[in-house]
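Mind looking over this structure? Questions follow.
Should a chain be cited, it is by its letter among A, B, C and D, assigned in written order, with residues numbered from 1 in that chain.
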Amino acid sequence: MIDSRKPVFLVIGAGAGIGGNAAMRFAAGGYHAVMARRSDEAGLARMVEEIEAAGGSASGTLLNAAEDGAIEELVERTERDIGPIHAALYNLGAQIGNRALDQTPHRIFELGWRLGTYGVFRLAHALFPAMVERAKTGPHGTLLVTSATAAMRGNAGQHSHAAAMGGRRMLCQTLNAEFAPKGVHVAHVVVDGAVDAPDTLGKLLGDKFEAFKANKGADGVIDPAMLADTYWHLAHQPRNCWTHEIDVRPWTDVAWWNDNPNPEINAAGKGFAGPKD
Amino acid sequence: MIDSRKPVFLVIGAGAGIGGNAAMRFAAGGYHAVMARRSDEAGLARMVEEIEAAGGSASGTLLNAAEDGAIEELVERTERDIGPIHAALYNLGAQIGNRALDQTPHRIFELGWRLGTYGVFRLAHALFPAMVERAKTGPHGTLLVTSATAAMRGNAGQHSHAAAMGGRRMLCQTLNAEFAPKGVHVAHVVVDGAVDAPDTLGKLLGDKFEAFKANKGADGVIDPAMLADTYWHLAHQPRNCWTHEIDVRPWTDVAWWNDNPNPEINAAGKGFAGPKD
Amino acid sequence: MIDSRKPVFLVIGAGAGIGGNAAMRFAAGGYHAVMARRSDEAGLARMVEEIEAAGGSASGTLLNAAEDGAIEELVERTERDIGPIHAALYNLGAQIGNRALDQTPHRIFELGWRLGTYGVFRLAHALFPAMVERAKTGPHGTLLVTSATAAMRGNAGQHSHAAAMGGRRMLCQTLNAEFAPKGVHVAHVVVDGAVDAPDTLGKLLGDKFEAFKANKGADGVIDPAMLADTYWHLAHQPRNCWTHEIDVRPWTDVAWWNDNPNPEINAAGKGFAGPKD
Amino acid sequence: MIDSRKPVFLVIGAGAGIGGNAAMRFAAGGYHAVMARRSDEAGLARMVEEIEAAGGSASGTLLNAAEDGAIEELVERTERDIGPIHAALYNLGAQIGNRALDQTPHRIFELGWRLGTYGVFRLAHALFPAMVERAKTGPHGTLLVTSATAAMRGNAGQHSHAAAMGGRRMLCQTLNAEFAPKGVHVAHVVVDGAVDAPDTLGKLLGDKFEAFKANKGADGVIDPAMLADTYWHLAHQPRNCWTHEIDVRPWTDVAWWNDNPNPEINAAGKGFAGPKD
């Protein structure tokens, strides 16, 4: 059911993890959530029902974001049939696990770019003109972009993912430079830890998922329902104090810029500048 | 008036800008705010009154943070006389405006370090053992650290300030690495824009302050009362999704990593990699 | 003329700027330089002649690096017909000048990726297996990658270029993580200033090029013949002290991380943390 | 023996690792090397003899760089008695091994700052005016600064070291911003690996040093005699293409921005952005 008096929150990549939970949070806050994902129409319908059961408003649609025109058509259709998109979340990843270079085929590398970088460009291209227009007299627009550790540094086996996410980050900074002063808030969220997301990490790990989480200890994995509050906060910062980049990780996780904190290794090696007397 | 059943929020650097407004926000949220600043006892009293008038609980104290033992004594006294400090904000800056190297005396450079870097170390030294102890069975502790553009990059005239803030940032990362898994959340807030702070920027600019703000345009200067919501959000993220670093700036401000966006200059110079055919 | 007893230095993007001058420098140092560029067969022939006149060995070939298979074919042909590629330089840029998002068509954005990111992936895919094999018993291999300011931060109008270069940088870090311990040195060179390159910047600026350089003052533009010494140095660092990333710029240029150093603007704004007493 | 017709290369922190080897390299290249270190007069004399035996020119002096006025006096004395300092190397570290916060006394933290940050400030204060003056009509001046992984990110146990090195890095950027256009080249060298330095790492590890190096494998530890070539290269880049920051590490070392490259850990955790379909 669509309540067209509500502002629209569009989620591209609305699985049962960050995307779906962000939709739920924004619906609870008064938005109509439009959830798009590649597959699992039943899962999508369940999420719509869950949001409506909680008194919110939502709708879902299947979307192959890698296909030319698909994102553009979704934006156009949403604005026309539902209402103005006041906030959007680009939540597609491009993680394929670690693969050595010779196990990373060219078409995989290209697909990484299509989902990881190009899709953000296409969404901005389709969405920002209307947001800019609306910001002249009304509220500002927001584009939240879920990003990953690989946007900050490449690592072994991350050829496709890191290239895609590095492009994503620099693109977000470029979008911010052009569009912030025109009233569009772009926020790049560096998710630097494992997420309790059954549709992605869960599928990747399969039956090892529960053991993985247990091994992380209490609150050792990001709960996407709680992370959704940070997304909500970002989308509602007044324009005098916008955040462009933020990192999140569980308390027990080592931050991406830290290597093995083993004292013996470190004291003897990294960080040792040279002769000092 | 002290309500000792409330958790304590300690602010070091509680002027009428970020520090005072954070105190107000946390008091509104149920904390007893302990506000410390170097001078202006009357201003301090007014802030306490304002918080109490709004139904909150607060107390104030003068503090010379550059003095050995002062921060330690304040922490000890607060924990003993008022209650456990559940969250603290280190909000002392070390900005002295731009000064060429030969206009930056050695004692100024050292004072910059004392306020900018050493004070954070001393606060953590005095405060974290109790926070760690309490986190074993109760809620986690939080240290918010207001930081500046100069923590991210040095710039002409910022010898003292950038060295102090660069030290601050690396120290915060070190504190995070040791204490996050022990239940203390350290968040480094990069304030990358001018703040509407009469006690600091206002004094620095004097009678040009109003013209400066007007020139920035609508919402062109950070409103510390609104920024306080971001501080509040950070301090209350559940431990499965803590933020360590976040930036904030007004929508119309150029981010620190962007130089002059003049198209002609840029097209011709920066970013031009070299022969491409 | 090909001297097949020499190690080969392959340059992809061998115009009259960084690429051609690097070829000249490596030829002077005893390599056979293979220079590939998209067009201007006459210019290519002149560079070969110039190198041979100086007593060096070189050959040239036209290459459309955006075409599938072209880089792979060049690597295969070079190794088969000339000799083992001991060092390579990827010198293709993707700069198109500053363009607003709505002036950046989708095909341009994709082409930026093809030249800026994907080409590096394809070169590594084609070249590294042989380098790894040779490093087991012989000298290590080297991949030098010319990069740009836009690899470090996005800026207004750089949608295509920054996304491409950001992907390039993260890819280089990923390649380094996998291949450094296998004997391939990947070095990412951040060229953070204008280069005296007639084939690229010269063409972009047209008849304003000379005035642009004059306006930069003495040594205000990078001389690619001199920069070539830094490329040479990087390629010959012993494997106990490899550099992965280095920046270069003229002495009079403002570094990318510095904005306008105007004292008044800075003192009043950026870097001002907040209330400090 | 002092050859006053030679340009002077001043090394602060001239032990048997990076400092001493840089002195040897610059002496071989035609400089008179002035080597200062805190202790071990005999070791200093041996290095002078070694340089002279190789046909170079050098002198040594003991220096407590943490003492007020000591660096200033050394600069003044060198310029007066020996000759103009054309290049200097600040090579003092502040590494004390990993120590938890409660094992890091306040005086150690302050000493870290004195050696790690303040000494660079004091050297620049004392040295740059003469360098700027000379650069107006003659060759540019150079300040090389050996730095460490801890300048890039804090890590557990590095409270003192990271704060000191973070301050150092931001100070170097500030010095660069003011002095590059005045003809002083400041280069910040991030040594991101263990150095075969008997006076520092050797003393720290004691009788485990040889086993540590053996365990690192062939070329697994930086050879300071070879790294000295990179220092030499930096100091002699022409001013149209100066490097401000460069990293170095052994080929087998994991870069500071990479954590454990264990595929299983990574695939499951870090870098995993969230739901993607």
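In this section, a residue touches a chain if its C-beta (ideal position, glycine included) is under 8 Å from a C-beta of that chain, and two chains touch if they have at least 3 such contacts.
Everything quoted here is computed from the prediction, not taken from an experiment.
Peer 1: What's the chain with its C-alpha centre farthest out from subunit B?
Peer 2: Taking each chain's C-alpha mean as its centre, the farthest from subunit B is C.
Peer 1: For the interfaces A-B and A-D, which has the higher count of C-beta pairs in contact?
Peer 2: Pair with more contacting C-beta pairs, A-B versus A-D: A-D.
Peer 1: When the C-alpha atoms of subunit A and subunit D are each averaged to a single point, how far apart are the two points in Å?
Peer 2: 41
Peer 1: When the centre of a chain is set as the mean of its C-alpha atoms, what distance in Å lies between subunit B and subunit D?
Peer 2: 32
Peer 1: Can you check how far apart subunit A and subunit B are, centre to centre, with Cα atoms defining each centre and the answer in Å?
Peer 2: For subunit A versus subunit B, the centre distance works out to 28 Å.
Peer 1: In subunit D, which residues are in touch with two or more of the other chains?
Peer 2: Within subunit D, residues 150, 153, 155-158, 162, 165, 173, 176-177, 193, 254, 257-258, 261 contact more than one other chain.
Peer 1: What residues on subunit A touch subunit D, complex-wise?
Peer 2: Counting only subunit A, the residues touching subunit D are 13-20, 37-40, 91-95, 97-98, 115, 146-150, 152-158, 161-162, 165, 191-195, 197, 199-201, 204-205, 208, 212, 224, 253-254, 256-261, 263, 266-277.
Peer 1: Hey, which residues of subunit C end up touching subunit A in the complex?
Peer 2: Where subunit C meets subunit A, its residues are 100-102, 104, 106, 109-110, 113, 117-118, 121-122, 124-125, 128-129, 150-151, 153-159, 162-179.
Peer 1: Quick one: in the complex, what on subunit B touches subunit A?
Peer 2: 140, 173, 176-177, 180-181, 183, 185, 193, 219-223, 226-227, 229-230, 233, 237-252, 254-255, 257-258, 261
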